[in-house]
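The first chain written gets the first letter, and so on, giving A, B and C; residue counts start at 1 in each chain.
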């Protein structure tokens, strides 16, 4: 409940700050504001997937259903944020760099990760009763794969040089940084809120099924 | 060690008996290369096509490799045997590796024919990359196959998950293959390092996770 | 999981199969509820119950192929899941664990390799179980009855002292069924423990020392086999069905 309330306040506040209060960036102009959504989404997505991985390891070890529910819910919410990352990337890129997509190492990693978690979610949906352990293993494999994916994306970038990456001006004025951090916090709160809702929903569903069983 | 050889021999004998897996894998690879060739892909750009063909046919081979372990729940028979599950994993990986290498070599030949892939003069290093990349993909694929073995719709899910998960290996192998035949040929040390890291990680993970994957 | 009760390097503790407070759930389905039972050395225990009662699950948990959700499983005092005690366990389930494209002999040699059984023993097993005639036939070409024979040969190949069998008499001709019964009695004489899931009441009654009845995952009766009448069983099954 607390998360939902906090995020309901923080998220809109963050967006208002991003769109109206933040100073104008000299080089990129207004479109740069999407950074305030893009970067926090990345943070939220990776936090979500880390939670999924940890919960999956715990599930494989202990086989307690609550770990399974946590892993699945976190992956779902994480995928939403990751989709946002992949959508805001081109929205930023097109007006600023003239290209819808650049094979920037981090964006490429995000894209491949998106496919991995899409597969994970499909596995959960289709796999039948053995799906919980299987998806937990896939989550662990996917998570350990991330550094390798990033490494290969960097390698390929040197093979085909591309324009400069999505990186905000290193000498970022304090106000920008503050708003960015505020938005990161807001997105994380939103993640926690959505996660809690989802986990509770799954727990209820499980309780209902168990009640039907013993009846 | 004895376990590894026994499992490997068993898998290869079964494939030798039915004789339908290598043709299926090879035909698919040849088809992909032929299509790319007719679409105009030439030269070093063919590298990625070779590797896509390898991964896709590997997925078919792996699905089958574990399919034979489920029709009579053989995988539980393996699980109950008094052997370290890690060796079973290595045995299956070794058998799958040999199948994939066969397909790789045929694919390379097809690339030379259909795509004017300039392999000449670089055969030895190319073979090295093929072996290393193939081993990397197979190590991950065998683990994934084991994880998915007792789930429904394994046939659809394995390729769907293998492709993104093996992306680093595919990209590195493909990059190395293209570099080796480029003019001039470039060093591929970073790619080889990545492939070694990938192979090591997933072989180790496979040996450890195999027994948990085959438990219900 | 409980640690081994004793730590004798030379002789393992022979206590047979022990399940204590075992629960097993698959997602939302509860297969076993608080099952406590044992199959002691020198006894043949018949596991009875209607379809879906959980008999197969008990056997898989005992074999170490399934991890109980709650409770402990001990085979000769140790957890059957890690390697070690598995060498002493023989398991034959609904599925034969055999590779269709391989011959009967190749299958037995493969499992022989896994269990460290010398080649001569495999040849002996082929003779002992009357499989000489079909040794070079692929398992997928064999009839159900013959495949089941190979399945049992596989389970007994390494001379286990704990035997877990799931409906082993299904599909067998009378001659082999008698032979199987003789094997089980021989094993019992030698101090082995046998747990047989079956719905063939007559075979169970003749062969078994004890009977354990499972209904809907719960152990509802434990009694000496000879004291159990068919009508008792029907009553138990019906009683549970009504619930």
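In this text, contacts are C-beta pairs under 8 Å (C-beta built on N, C-alpha and C of every residue); 3 or more make two chains touch, one makes a residue touch a chain.
Note that the structure is a prediction, hence the values are computed from the model and not measured.
Using mean Cα coordinates as chain centres, the one most removed from subunit C is A.
Of all chains present, the one whose mean CA position sits nearest the global mean of protein CA atoms is B. Two chain pairs are in question, A-B and A-C; the one with more C-beta pairs in contact is A-B. Centre-to-centre separation between subunit B and subunit C, using Cα means, comes to 38 Å. For this pair, subunit A with subunit B, the centres built from the Cα atoms lie 30 Å apart. Once the centre of each chain is set as its mean CA position, subunit A and subunit C turn out to be 48 Å apart. Residue positions of subunit C touching 2 or more other chains, listed in rising order: 26, 67. In subunit B, the positions touching at least two other chains are 215-216. Those residues of subunit B lying in contact with subunit C across their complex are 2-3, 6, 10, 13-14, 17-18, 68, 71-74, 76-84, 215-216. Looking at the complex, you find that subunit C touches subunit A at residues 26-30, 67, 69. Of all residues in subunit C, only 26, 60, 63-67, 81, 83-84, 86-87, 89, 91, 93, 95-102, 106, 110-111, 113-116, 138, 154 touch subunit B in the complex they form. Those residues of subunit A lying in contact with subunit C across their complex are 63, 65, 129, 132, 206, 209-210, 213. Interface of subunit B with subunit A (complex): residues 140, 143-144, 147-148, 150-153, 156-157, 160-161, 163-165, 167-169, 171-172, 175, 178-179, 190-191, 194, 197-198, 201-202, 205, 209, 212-213, 215-216.
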